[in-house]
Every structure is written in C-alpha cells, then in structure tokens.
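Both complexes shown next keep chain A, but they swap its partner, so chain B is in the first and chain C is in the second.
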Partner chain A sequence: MKKNSAQQPALHKVIMVGSGGVGKSALTLQFMYDEFVEDYEPTKADSYRKKVVLDGEEVQIDILDTAGQEDYAAIRDNYFRSGEGFLCVFSITEDDSFQATMEFREQILRVKNDENIPFLLVGNKGDLTDKRKVSLNEAQSRAQEWGVPYVETSAKTRDNVDKVFFDLMREIRARKKEDVKGANGRGKDKNRRKKLKCNIV
Partner chain B sequence: MDFDSPDVEKDFPGLYASTEIGHKDSDGKRKEKKDRGYAALEGESSPEEEPDAKSPSKIKKNKPFKFPIKKEKHEKLKDKENKDTLKEKKKDGEKEKKKDKPKNKIKDKKKDKKGSNGKVIIDIGDLYEDQPIFGVPLEISFDRNPCHDDIHLPLVLRNCIDYVQMNGLCTDGVYKVPGVKSKVQSLKVQYNRRQSVNLADYDLAVVTSLLKQYLRELPDPILTSDLLSKFEDAAETQNIELTKSLISELPLCNKHTLTWLIVHFTSIIENEKYTKMNTTNFGCVLCPVLQMSQRLFSFFITKRNDLFPGAVLHKYIPPLRCASPYLPTGKQEMTIELKKQESLLGYIHREMNAGFVCKTKEEELWDVQRIITQLKRKLKVLEKDSHKVSKDKVKKEDHVNGKFEEVGTQTALGRQNSNNSVSGKAEVGSITSDTFNISNCDGSLVDEEVQTTTSDSDNEELVLQYESEELMSLIANLKDCIVQEKCEIDRLHKKLTSVGRNINVSEYFMYPIDETTVTKNTLLSEYKMLQFQKVHLLKSIEEEREAILDLKIQIKLAQRKHMASA
Partner chain C sequence: MAKMRYSDMPRDVSIDNFPSLNVSEKVKSKAAYDDNDKLEHLVSNTEYRKLTTYNSLKKHPSNLSTPSCEQRHRRRLSETLTCGLARQCKTHSLPCNMTLKHPYNVDEQDIDKAKGVLTPGILPEDWAAQLTLLDLNIFSQISPEELSSCSWNKKQKLEVAPNIVAFTRQFNHVSFWVVQEILKGVTPKMRADLITQFIKISKKLYDLNNFHSLFAVISSLQSASVYRLSKSWNNVSKKDRQSFDKLANVFSESNNWRNLRDHLETLRLPCIPYLGVFLTDLVYVDMAHPHKSSGLLESEARRLKMNNILRVISHMQQSRYDHLIQFPKINDYFNSIRYIEELHKFVQDDQYKLSLKLEPLSCQTDKGSKESVNQVLLDSLSLSPAKSTDLMRIRKFSLCKQQQKTNCSKYRSASLPRSFLKKPVIQSAVCNNNSLIHKSDEGILSTVNSRNLLDDSLIEENTLDLSNLNLSPSQTLKGAHKISLESCLRRKVVLKNGRKPAVTTWQRYWIQLWASVLIYYSPKSFKGCNRNDFKREPCKLCPLKGCTISLGDNPDTFLIKHPDQRNTYKFRAESDNTALQWYRRLYHAAKLVHQPDTKLPDNLISFD
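Coming up: the complex of A and B.
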C-alpha cells in the first residue's frame, strides 16, 4: 500500500456520479468483475481497485462508486475532492436523471474548482431503446456545451463499458502529463485541452 | 508534486517527532544539546567573576544569527540577576526549544508543500493542535481518537492499558516510577497530531506517565462533577447497589473508562507480590489523578467484581489498513472487521469535515472504503453460497478456467471468494477446498478422458508452464490459509483472555502460575499426540495436493488439445 507511489504503476482515481438507479454500480461491477447485477440495492459508497493495461502500459484504476441519493450528499465532497476524473452517469430512460447531471457537474466544478477536470457524460441503459426518453441529440449537445465527450453504454450488454473507463483514464493520464509539463503556463494548456476535447463526440 | 512529503511520513510514522525526542536516534542529539546547554550556562555564569566585556563575544560566537545587539543588552541585564534564576530560565528555555522543534519541522514541511503546489493548503498540524486529544472532555477526546470496536475509550488510554497489561503486571513500582518527561511530552504531541504511535518503542514508566498525564489533563473528573459527591457518599456507606446505579448513570465514555481503569488497576494490585503496589500505595499515586478519594478508590478496587461484573479487558486490534490478501474469511470475523472499518470510515469523514484534508487522509479514505467494499462483497458471496451450494460448483469450474486472466487484487478477491464459498469455517478451509478441487477435477476428467491419455506426449515446456501456474495458485491458496489461521489465533487469543479471567496473571500470558503445572502435563501429552496426528494428516494432504497438481496439469493439457482439435 505504501510503496505505491514509488514503483507501482500509475494510479488513476475515477469517481462515478449520477442520480440513484441509473446504473453506476452496474457499470462499475460490469467493468470490475464482468457481472451484471439485476437486483437494485442503493449504494452508500464503494471503492474498487483494478490493474489494467492502458495503451500497453500497466496502470491501476481506483473506482469510487458514490451514492445517487441526496441523503449522502454530505460525505460526497470528501470523495469528490480526491477524484481525478468523473463519469457522470444518467439513464437514457429517465429524463430526471439527465437533468440531474447539471447539478452533479456543478458540484464537481465547485469542489474541484477546475473547468477541465477529466469528465465523461455517460448515458446508460442503452439496451432499453424502446424506453428511451433522452434523445441522443439532447445529450450530445449538452456534452458539447460542457466540452466533454458523450458515450452511451449498457451495463447489461457490456456495451461501451470498457470504453468509458479507458477513455476517462486516458484523459486523466493526459491531464497528469500536462500538469507535470506545464506548471508555468496553465492558461495555455486549458485552451489546448478544450480544442482537443470537442471532437471526441 | 506534493506526493513526497506525506509519503515519507507515512512510511516512517513519527519520523519527524522522533528525530527530536524519539528513542534511539535522538539520544546522541540530545546529549549534544545538553552539552550545549551547559556550555552556555558556563559562558553566562562566568562573567560574574570575569570582566563583563567577555561575555557578549562568547555569545556572539554561539548564536551568530540572532540580533547580536539586542542579545547583548539582554544578556547584560541577565548578568546582573542572580545566578539561580538565570539557571532556571535557561532550563525553561531549553525545554521550550525541545517542545518547539518538532512543530517547526512539520510546519516547514507543510510550507514546502504549499510552495510546490501553488495552492494554499491549511496547515493541518496547526489544526490538530487546535483540536487536541489531551486536555479536552472525555467524549470529545474519544471522538477525535476513537477505538473502532465497541469500547468507548479514547485510543490513547486503551493503548496505554494494553501496554501495561502486557508489560507491566509484574514490574516493581509500576505507575509509581515516573517516565522521562520529554518522552511523555513527545508522545502527547504525537497523539494530539493524530500520528500513529508505537508505544512499544517506549519504556513502561513513560507509558504509565502518559496515562496519568492524560487523566490529569481531563477537564472534568471521570466520575463527572455532578455525580462525584454521590459516588463518595455511596463509598462511605459501602453501598454497592447505589454505586452500581450511579455507574449506569455515567455517560458511556466515562463508564467505559472507569471500568477499564478499575479492572486494569485491580490486576496490578492483585499482583502485589511483583508490583509492590497495594491498594493504599496505588491509591496514593492515582487518586489525585483520578479525582477521587482514597476511600472511594479502594471501594472500587475491593468491590470490583460486584461493581463491574463480567468486565474483561481485551487487547485492541485496530482495523486492518491493507486490502485484499489480509482480510479475514470467517463470517463472524468479517462482520466484526466490517464494523470496525465503518467506524474508521466515519471517523475519517468526521475529521475531513472538521477540515483535516490532505493527500494522506484522502488516500486513507479510499483505502478504507475499498476494504469495506471488499468485505461487503465477500459477505454477500458467503451468504449467497450458503443458499446455493449447487451453483457453487459451476462457479468454481469457471473460476479454475478464468483464474489466470485476472490480475492483481482482483485475483486475490476472486480466489478468496471462491474459497469462502467452499469453506465456512476457517480451519477446515484448506482441506475442504482441496477436496472440492478433486471433485471438480474428477468431473472434468470424465468429460475429457479421451484427450487425457494422449496428453502425456505433449511438450514439456507447456507442462512446466502449467505446473508453475498451478504452484502459484497453490501459494496463493496457502497464503489465504495462513491468514485464516491468523484469524483463528486471534479468536483463540480473545477466548484465552476471557477464559483466563480468574487466573489473573496468565490472562495476559506472561508468567505461568504454579498450580496449573499438573493439568499442564496432561494437556501436554495430549498435545503431543495431536501434534503427531497432525503431522500425519499434513503429509497425506501434501500427497493429495501433489496428485491434484498433476491432475490439473493433465486437464489443462487436455483442454488445450481439445481446443486445438476443435
């Protein structure tokens, strides 16, 4: 545990946010253990670590699965502060959850105080096309507005599950490299990042 | 990056404090300082006899960086004062310096952090200083320094009591002999700063002094100012029932603290033969600190069994700090550990909400959260498996196939899960899991018997590779077993402490008592026999294991062939 920083692979800290029942835990468990849990059980907070190979480099990913319910908002800040990247999840079958992403984004920006924090907007339950309430267009335009990528996933079919985690890790990695490189010119970096981000959608 | 500073501290807890006042390293340093102190004293006391002009130059030499002119004036004034007060003042100065140094060091470190990060980080050391563990009401102190089991005793007290129970029950004059003040002070600072403290590095006297100091600094008596007089009255009339009801009126922290202290003190007094501390002696030493009369104290001690029936001290086992491989596997142990971890998590959140935010704290938060998640998962798996035994086998098979694709912690978790699924009880764990393996292997053998026969001609490299894989998994398995055994040992230790209540010394397994030797002999012979049986069993298990290994390799080869042909 303590030798981490010296020799062990890079560690990227990812936080799952989003309203209750959108499938944050389902995505996490699918990514971690290749399992899909049908029965819904609200999360308070859970944390996982996994070794993965990211573009040929062995890295560790720490995933913190947070509570969607407002009841646990008090402890959320403590977690948000330590996150390096965020997967903001909503369910494409539930418009409320989509609206709620605004609040989560705001809260994250407030805590991290950083517009360019690695962040992905994730529309989950992509397999339930017949129940879709949030159009692809809507979601994409919001993502564009924020300057973040939008990805649709299905925790059930494992569609794009790996993609969202790996994409986010790439962003985190790029961000870390930037931070090391350009401690002097932050403003410049920000602009460059913006440009990079917009074309991912 | 600000990774370096907290990590160094993490790797060597108490590093910064110890360079100053710690145990081994500092001795040399401190001597130096003392020498310097004497030298300075000589320098200053001598001018009284010698011409005044000489002293400033000397001082200049010693402390070149402090404003020389001011100093000179100051020293001159001091020279006029009489020698004794001068000496005293110097001593005080020396003490203050000692106290201040560790703080300064940590502050410097924090400043570095600020500089490199560019952000303004609140000085955590100062924050801690503002919210100390010493000198605040018991309950607050417990909140800031909790035990994570169900005992509401500030950790510092618990640590001290554990230490003395282990090391001091047979020491002459325990609690009477004072410890080195600077060391006590440094321990206090370490606790106040929430650093991890290893009391084992310190002498018994230092630890007992620390405990006394803690109690002395409590703003309210343990018996509370409201109830104190009632307690005294009850002791005067030797009224046990009344005292008991008064005890039950105490706040939880006070109740636990009182109970633990009295039980602890009783065990010292019961060992009067070694400790030379009888109730009166002991009372003399501790009553002022406990803020109770000698009469009340001896009432507590003599009526300990009536007043605190069934009260047993047990050593504090802190929550685990490292994930997967060391987690317990028994259901009960896991539940206990989970409770501890959740308490720890709550504590971390509390601290963070109080403003103690730093990299190490955040890492701790994630680590603890991860352990909780793992424990919960394991418990869930355990529960599920007790319902669906039949499904278990399928899982196991999957597991055997997919084991080597998994990596890192996940492997450990998965393995333990499947282990749990097989073994409910810790001890039989290894054996049962092996037998399951056998049955699994048998199953697949029947399926693929045809291929197995042809496999022996396959290239050796593959065999070796598979063998090493199997051996690796065996190693992992054995490691798990070791962990399980450790849990068992812990459990037995606990049992021992609770059983050994009536034999009070051996309770902390130090000096065996004479009366037990007779039964001991019979037990020993029994033990030898069991040992013999165990060796035999172990041998057969080993043989079985080897056989399993061979079979597994054959299966793999067969599977490979099968795949290739298909």
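Coming up: the complex of A and C.
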C-alpha cells in the first residue's frame, strides 16, 4: 500500500446508499465535520473529502452521498460503478427503509459484478430505541446472509459514526491489496473504454 | 382520426375548453389541431407562440435564436410543399394561413413505434427540442416552497412538492424510454445505431442547455442494461463514443459534481439544470443548519445558504425556449409510453434481463465464470418477492450447476413465482394501448392495435373498458395510473404445479388490478385490511393472460386458474359483493387477453 504514498495518500471512495430520510446526510456530516458543521459549504469541491489516519497511515476518504436524489433511480447505476465501498443505511425506526436495502444490495452487485465488494449494513437512528421497528436480530441475520458486517449507529449521539467509515475503509484497503496481489483483479469495470477494448475478439 | 384519439385518450383538456377554435368537424387533421391546443395548455407558462408558422417566424425573427434555425424552417417548408403532404391539413373550411400552420407535415405521420427514435424525418434536434419543452413546462412550475420544504423524497411528497416529483418522474420517464428504445435493437448493429442516435440527441440537448434530459439520456447509456452491451458499443463510431465520454464527463460526480457546477456557472439562459445536485445541496443545508425556532444564528446561516441555492434555481426558471417548435406527434408518442413510477424496480429488472438476453454474459471474457453464473442468478432472483430466502436457495442451487449457462431463464427456481418467468420477457409496468393510426395513401384509416406490454396482450378497443386503462397525457407524464379495482384479499393455494399442497394458508395481500395484471402488496403487520396496513412497494406482478376466473363455493370467494402453470389460487374478499366485483373485473380483464395473437405489435421485440 505504500506504493504511491510518496505523493498522494491513498483515496478510498465510499458511497452512501439508502432510502430518503434514513440519515445518510446526517452520518456524512457528522463524520466529516463533527461539531464544526458551520464550515460546511455545499458547493465546494472538497466538501466531501477528508484526510484521516487509518491505522497509522494517512489516507483520503471521498464520500459520495446523493441524499435528496433518491427518486432519480436512473442515475444510480453509474455512480455505484465508481464506488469502492458502500455504506447501506436504513433507519431502525422504519421497516420500509430496511426492505429497501435489499434492492440497493442487488443493484450494487449487479453493477459491480462482485459479491465481495466492501459493504456495510448500517442501522441508523440507534438512539430512538423506543421507536424501533426493525429488530437487531432481523438486521443481523440479513447481514449474515449477505456476508457483511452489521453496525448500528446514531448520527445524533455520534455512536459508531467513525466506526462505520473506518471499518469500511479497512475493507476497501484490504480489498485493494488483494487485487494487487491477485493482479487478475475483479471489478475492474471502472473504465468502459478499457472494458470495451478487452472485448474485441 | 379525431374520434379515435378522443376515445383513446381522455385528457384533462376537453374540447369544450376551446370552442373558439371554430374548425369544421370534417377536417381530417382536426386531431392535430386539438393536440396543438393541448400543448398550448401544457406549455402555458412558456410564451407559447403557436405552432410557429413560417410566416410568423418571418414576422418575428427575434424568436429565432440562431440563423440555422430559420434555415431549417425553410428546408422543412420546402420539404412539405414538395412532398405534397400539405393535403393532410388542407381543407376548404380553414383560413388559408391555417394550411401553413404545419410546416412540418413531414411529421404528420405518427411516430413509428417500431422505429421509435429512428423514425425517418424526425431529427435529433426535434427530439431534443420536444424534451426541452416538456421539461421546461414542469421546471418553471417548481416553487421555492417546494424546494425549501426538503420533502420531495418523503411520504407526503405529492402534496408538498408536486412539481419536483413531476420533474423527477419526467427524468425517470425519459431514461426509461431511452433504455427501452436501445434494447429494441435486435442486432448489435441496430443497437449501435440507436445508441448513436441518442448520443446525437444528447449533443443537441447540450446545445440547448437542457441538462435535465441530457443527464437522463446519459444515465440511460450508463445504466447496467445498456453499459454492458459491449458488442453494441463496439459498433458505435469512435467519434460518437468520444462525444459520449465528453458529455458523460459533465455529470461526473467526482469533486462534488465540480464539472457540472462549473459549467452551470458559466452558462447563459435559457437553461434547464439537472435539479438533483441542488436537491442534495438543500438536504445538506437542511441537515447542517436545522430549523430551530430558538437559535437565531443557526436559522440565519440556514436562510442564507438556502437562499443562495433558491436564487440560482429561480434565475434558471426564467428560461424561455420560445424558438423551439412543438411537435404534437412526438408529444403524443412520449405520452403513449406507459411507465409507472412505483414499478420502476420491476421495469429495470426486466430491462436488465432483456439486456442479458441480447448479449449474454458469456461474451464478456473478462468476467470469471463463477461471477457470471452468480450474475445470472442474481438477475433471476431480482423479481422474487421473498428475495432474501430465495437468495440463499439460489446460491446453493448455483453451486450445483457448474457449467455456465447463458440464458437466465435456465435458472428458474421453483421458489420463484412462476408468473414472473413465464414469458421470455415480461415488459412489466409498461403499457401502451394507444391505437396507432396510420393514414394510408388513399386516406383510409387503418387501425393497428398495439399491445399491453405488461402481459403481451392485445388491447381491443371495443372490448375494453377504456376508462380503466387510459390515462390522460398529463397523468401519464406524472406516472400516475388508474387501478380499476383494489382491495385487501386473502389468497390460498389450491393447486401448485398441478398438485395439491400439503399445507396451505390464507395469505393477506393488498391487490390491485391494473390493466390485465394483478399487483400484489405484502402486509406490514398481522392485522388490518386498509391500504396503509400494506407495504407501499409491490411484491409481485401477475399477468392474467390465459387465466380462467371462476366463482368459488362460498359467495365471498373466487378462483384464478393459470392453465399453463397448473396453478390455482383461491381468493377471499371482505364481502360477497366485493368478491363478485372482483370476479367481474377479472373475468373482463382475462377475456381481453384471450384475444388471438394476430400480429406482432410494433412496440414489442420478438426474440425468435
């Protein structure tokens, strides 16, 4: 992983997915700005990019969150394609949002064509235990079925917020290492042109 | 023709609304005029300049933004005259300038459903112009309150932010159409031609500064279903591929949509932005500076940042595209494409299946076979109502099958509802029952029945209760649809694959009858028979094609028998009356689809 650390820290591209109103933007803002949310400027190029220290190594995280654009279903395929890891968020107080994770997972797998894509199932609004509609058991068993970790967060109390992003970055990093080793790399769909060239027979 | 259209398409603009038109009933092309008026109604916000005649263009050269535009008018006019097509709207009862009202008689012919976007005589700029006019109409109606509410993705979105929702739906509608059109191409070459045509349309949209439809088209070309068609893309010329890459790069999400933001800043009106980025910005401002009655400072920052965004949008809403010309036929064509927003997932899945069929995964040499198999399985499972359990089953199933097969239909699992997989392609949620009317040379009207794409059934106008099936153009646009009957029903399996199941229970569903398809919604809780006791997302679709409907032993029950699948289900309604009502409607709906298949519809692809 030290390969290009001389110039630029490794960049990990994380994509937030989930239905509207589950708190994707709240999680992102909490992670990016913490208590300095006044600094947030929606249109700046680096508003969703941050340097962090991951296990002693400086890396950059780039978060793509299309909160507010959930109903623009047609754009998803393309931005999923650019993601290296996914935080699939639902609200534990809303069953519909939990059901929707299934659809997101399917779509991601379809586009990435890779079952082992770094992916975390995140149950947000963990502080609202009295309004819980999705049981811990239910969520855990779905995560298990998919072979992904399940974490409950609260953007409000900041519970596990850093954890989900860091865990996902670790997975992405591990995955990149594996790909370099394997060299026959899967999920190299990043470039259509490249893909097209491969296919000229 | 006029009569057909009216019976076909009930619309919100009734003929009574414009009695002043004073056009003789005998006028053959009356429908075309009515369409103009409908459009005028639709585009009331833009200063609608009528279907600009060549004369009026001469009178108001300011309407033309570019000289090339005028050249086109000239060209079109001469085409019209030389083709002698002017007869179509020439009658004695019309004032002479009315004959010139359609310099585009070339387009009097309906859009050929089979040729669709490649219909001769309709240029990429015509499609782009039409999309732009449709977009502008909705875009200009979006109010600042809708935007600042941040509720366009919440449950009450239709009430609070109707125009934002309509605008989003227009986007999805267009992208659905693009994918659908491309997948109509039977050979890679044909698909490449379609892709090329859409790239050309994209360029025109870019020239018009219509980033809304531009992104819709670009997204479709990048969608899973189209992007993977490498054989087709290989047939697209390098130049066009480069143009596409360039346009796609405008919408790159990297650096917080830098390219798009920079581009929008340098633009001059008219312009229709891709609203999504603004919506995300608004959601984030809303989250970063929550609405609080107490903290004055916070609401100050909120107000400032919100207003910055709203100002930009409101500035763009002043856009005018008066120089663009309405093409009623293109409009009708767009409106005839049925698309139900709520069923988007099913539509997308079907499109992906079709894509796999056109260019099977095995062609993609860079994919491991295991992954390909999984992909196929994933695909076949994507329609399953009980996805999670099926996922497990199918994965196991996949491990048993080592050899790679390309046809997804081979991987049908018994646990999947048969109705999904019965047909090679079930064009779910897409229905097109507008009868196309072709004018033959002798001027005799001949009717070609198109089909309900949901179940491949022929739509026969006279046997159909049209009020149940037809949508007004504006309704279609918004993705609304009519459900002819819906209620809570209990369902029990009587026969499954010709056998009686050992254990069978009554399952509660919310069921809607849409055209000739049953749409099922699974329950949220154990009790309750109201709509809100069931999920909003449908869990399965069941075409009634070939089904036999009969009344049950008890007066509150009825049976649906799927002969080819040897499945029979018993349904129980809340009351005898409801059951009878269901029986009647279903009987009617199933009868419709019993019509013999006479002709391949223009809008359906054959794979044989």
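Brief remarks follow.
What we mean here is this: the second predicted complex is superposed on the first by the 160 of 201 C-alpha atoms of A that agree within 3 Å, B and C clash if a C-alpha of one lies under 4 Å from a C-alpha of the other, contacts with A are read in each partner's own complex, and residues count from 1 in each chain.
Basically, a contact is a pair of C-beta atoms (placed from the backbone, for glycine too) under 8 Å apart; a residue touches a chain by one contact, two chains touch by 3 or more.
All values reported here derive from a predicted model rather than from experimental measurement.
Applying the stated contact rule after C-alpha superposition, one finds that A:Tyr40 touches chain C and leaves chain B untouched. Residue contacts after overlaying the shared chain place A:Leu64 against chain B and chain C alike. Between chain B and chain C, C contacts the larger number of chain A residues.
When the shared chain is aligned, no partner comes close enough to touch A:Ala10: not chain B, not chain C. Judged by the touch definition given at the top, the superposed model places A:Tyr79 against both chain B and chain C.
When both complexes are overlaid on chain A, the residue A:Leu128 reaches neither chain B nor chain C. Contact with chain B, but none with chain C, is seen for A:Met32 once the two complexes are overlaid on the shared chain. Touch criterion met: A:Lys51 reaches chain B, while chain C stays clear of it.
Residues 33, 45-49, 62, 64, 74-75, 78-79, 81-82 of chain A lie at the contact with chain B in one complex and at the contact with chain C in the other.
The part of chain A that touches chain C in the complex is made up of residues 19-21, 25-26, 29, 33, 37-38, 40, 42-49, 62, 64-75, 77-79, 81-82, 95-96, 99-100, 102-103, 106-107, 109-111, 113-115, 142, 145, 186, 188, 192-193, 195-196, 198-201.
If you check the complex, the residues on chain B that touch chain A are 1, 3, 7, 10-11, 118, 321-323, 348-349, 352-353, 357, 362-363, 365-367, 369-370, 372-373, 376, 407-410, 414.
Within the complex formed with chain B, the residues of chain A that make contact are 1-2, 5, 13, 32-33, 45-52, 60, 62, 64, 74-75, 78-79, 81-82, 180, 183.
Here chain C touches chain A in the complex through residues 150, 152-154, 165, 168-169, 171-172, 175-176, 215-216, 219-220, 222-224, 227, 230-231, 233-234, 241, 245, 253-256, 258, 261, 276-277, 279-285, 287-289, 301, 305, 309, 344-345, 348, 352, 363-368, 371, 374-375, 378-379, 381-382, 387-388, 391-392, 524, 535-537, going by the rule given at the top.
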